[in-house]
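Here come two complexes built around chain A, the first alongside chain B, the second alongside chain C.
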Partner chain A sequence: MSIAVTTQIVCFSVLSLVIIIGALGVILLESIVYSAFLLGGVFLSVAGLYLLLNASFVAAAQVLVYVGAVNVLIIFAIMLVNKKEDLKPIDNLKSRRVISTSICLTLLSLLIRVDLSKIWGLASPDTSIGEESTIRIGEHLFSDYLLPFEVASVLLLMAMIGAIVLARRDV
Partner chain B sequence: MNLESIPLQAFLIVSSILFCIGIWGLLNSRNAVRVLMSIELMLNAVNINLMAFSSFIDNNLIQGQVFTIFVITVAAAEAAVGLAILLSLYRNRVTVDMESFNLLKW
Partner chain C sequence: MNTGLDLENSFNEILKGFGLSSELAHIIWIPLPMLLVLVSAVVGVLVTVWLERKISAAAQQRIGPEYAGALGVLQPIADGLKLLVKEDVIPAKADSILFTAGPILVLVPVILSWLIVPFGQNLLISNVGIGIFLWIALSSIQPIGLLMSGYASNNKYSLLGGLRAAAQSISYEIPLALSVLAVVLMTNSLSTVDIVNQQSGAGILSWNIWRQPFGFIIFWICALAECERLPFDLPEAEEELVAGYQTEYAGMKFALFYLGSYINLILSALLVSILYLGGWGFPIPVEIIAKVFNLPINAPVIQIFTASIGIIMTILKAYLLVFLAILLRWTTPRVRIDQLLDLGWKFLLPISLANLLLTAGLKLALPQFFGG
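Up next is the complex of A and B:
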């Protein structure tokens, strides 16, 4: 990418901060509507990270599919099932929280331990194919990834019909 | 430290944190919609990993980007079907509390 390194680092820090704080907000906030909008922010920041990695096509796909489709779908679902209800208290909530948090922290420490190992200390590649990546993705999709591409279309059709059948009112 | 560019490890750490946040949300949410959101967060963490490796290791063939496209496709299908299942569950049980979905419990 032709941006100066300092700019890249500043962009990366801001985007990762937004991703992590937004994700924490998604799972911790009381109101589910705020969570949904924060989720959209997280998706947009992930698209920004893709732009930093020279992948403009995937960034556009991320914005279109995640922010434009998945997030809107989630907001519609919230509107359809949004009923104030008092949750029944569960007996051992505290021990559950403790156990799940410790599992997550253990997993996180293991993952970070692996991330920081020597073999991933790679320098970024000198030559980047940049805008040519879109052409390369198209070539992949119609040569060596042709079968997964066609299967994905069948999968989307099945998901569409399945969603319509499941969400119909008179079943 | 003289940084030439953003290291690969930075991307990996961000995606690890995002993945663990997703798992925590998946385990602890009472609202079923929030569980689906946590799954989306985890899928995004995996996508960041794929994109970072594709850019740093496989810069010429970018197979990781193709994989990311497929993951995005499957995630969209999953969200549609998951929310449809949630709607029909809500119609039968009139709640979105995960604790009250015990149809498979014996």
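Up next is the complex of A and C:
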């Protein structure tokens, strides 16, 4: 086994472990601040997985959008409204948890089924485009994926107007 | 277009001469440039700290450090040693895990960004295709570290400072990225090496500053804001917030913040010189000088000469900008938080969008000047 392959396997296992343990931490930890910071760690590790797949542009975009924007805003919001209060105890907590766990397990089994039944077309090292992927992504965004791309921007605009309306009710 | 020294190749050749495999030679090579860049970044910080002390003294008509070495050049080392041996205090009510992780998260992305700083055609750690985009992505991680240390200190000044730092960083990242985008549009590439090569045609006349004057000013203002330098040092405004998110920190953890902010300042100055001031290019192209004196451009001696000129030019340009930043720090008053956010969102953002639109239009109208 060559050194490059060993490095890849070690990186992949470390990143996967961090993603799985971190994601479990996000939902299981009591403190919402810890959950938010762990979420950032999970996003970063996902970017690491993209890097391992030679998709450096997607990795950088993942860091910029998910870590730099989404996660920072989540933490920001938590810290702005960070007051300790005792939440009302919810009745039937146990049965609620059982129901949500079973729903999540069903979704998980669906994902595993898809993963096992689909034959994944792995790109061989000769056909992977590597550094050129940025150009390819741009070409696709402005040709065959133009409509979804533009619709996404309309969605963002709607969210922005909604936020302004919510924030300035008195006007 | 692959001129200049290729140290990696020659190093590998030497090691292969000792009978090592090329894979092993590569592994021995990998840490060397990283170590070199790390050391030069830290030395750069020491120089900048000394400059800051001396220039601030001159601005206030004092002498400044005088006794530690000639003209006080050893003063920054004394500062560093003091921080190194100081007691590392973690406040009793602070969250010790987040308190420790905060400074690390602030420092690591800054150091990682040095990956893409070129000092010559082949004199950089890695010419990654996404180049300058990597820096923008990495610098967006920093606010998390600031928020983390602000929250973990369990102190209202720290929390306010952390929130201010994150708000400032988010608001100024957008015009910064947009002004970089205008340069990228002219270069047709994200790679820092391509950006410099695109400006190397006619020496000082082809530098991006003449084609992107607004972009240059926007980038410089935003870079100062991202480094929390004085017109924008709201997060640690000492009259209002003690020292912002750094209030509870002492010893090495404080030193990490200190190091991070100065490395970030040097990095920003280097990136301004790469994006707008021709990077490693001499004001008169080296090729033309070689032609005038009838020297072969590919001879080894000339190559070493051009490479050293490149390194000297990059550092000189960066330190001129650092000097400007220090002068600004000691001569300008601090803006208020509402003025800061107004400037970012209501002035710089529309201007940088207009600049991008203008660049795109000029690129279509005058492709020979704006990179077709």
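Criterion: the second predicted complex is superposed on the first by the 142 of 171 C-alpha atoms of A that agree within 3 Å, B and C clash if a C-alpha of one lies under 4 Å from a C-alpha of the other, contacts with A are read in each partner's own complex, and residues count from 1 in each chain.
Here is the rule we use: contacts are C-beta pairs under 8 Å (C-beta built on N, C-alpha and C of every residue); 3 or more make two chains touch, one makes a residue touch a chain.
Just so it is clear, the model here is predicted, and its values are computed rather than measured.
Upon superposition of the two complexes on chain A, no clash is found between chain B and chain C, which fit side by side. Legend: residue contacts after superposition of the two complexes on their common chain; A:Leu107 is shown touching chain B, with no touch to chain C.
Once chain A of one complex is fitted onto chain A of the other, the partner contacts of A:Gly121 are limited to chain B, with no touch recorded for chain C. In the overlay built on the shared chain, the residue A:Ile32 is in contact with chain B alone; chain C does not reach it. In the superposed model, B is the one of chain B and chain C that contacts more residues of chain A. Using the contact criterion defined above for the overlaid structures, shared-chain residue A:Glu131 touches chain C, although it does not reach chain B. Shared-chain residue A:Phe57: touches chain B and chain C both. After overlaying the two complexes on the shared chain, residue contacts for A:Leu80 are found with chain B and with chain C alike. Using the contact criterion defined above for the overlaid structures, shared-chain residue A:Ala69 touches chain B and also reaches chain C. Contact with chain B, but none with chain C, is seen for A:His140 once the two complexes are overlaid on the shared chain. Of the two partner chains, neither chain B nor chain C is touched by A:Val14.
The gap separating chain B from chain C in the superposed three-chain model is 14 Å, by closest C-alpha atoms. Chain A residues 57, 61, 69, 73, 76, 80 lie at the interface with chain B in one structure and with chain C in the other.
Contacts from chain A toward chain B in the complex involve residues 5, 8-9, 12, 16, 19-20, 23-24, 26-27, 32, 35-36, 39, 42-43, 46, 49-50, 52-55, 57-58, 61-62, 65-66, 69-70, 73-74, 76-78, 80-81, 83, 85, 87-88, 90, 96-97, 100-101, 103-105, 107-108, 111-112, 115-116, 120-125, 127-129, 133, 136-137, 140-141, 145, 148, 152, 155-156, 158-160, 162-164, 166-167, 169, 171. By the touch rule above, chain C contacts chain A in their complex via residues 23, 27, 98, 128-130, 133-134, 136-138, 140-141, 143-144, 147-148, 150-151, 159, 162-163, 166-167, 170, 173, 190. Taken in their complex, chain A has these residues touching chain C: 2-3, 33, 37, 40, 44, 56-57, 60-61, 63-64, 67-69, 71-73, 75-76, 79-80, 82, 130-132, 134. Per the touch definition, chain B reaches chain A in the complex via residues 3-14, 16-25, 27-31, 33-34, 36-38, 40-41, 44, 47-48, 51-52, 54-57, 59-63, 65-66, 68-70, 72-81, 83-88, 90-91, 94-97, 99-100.
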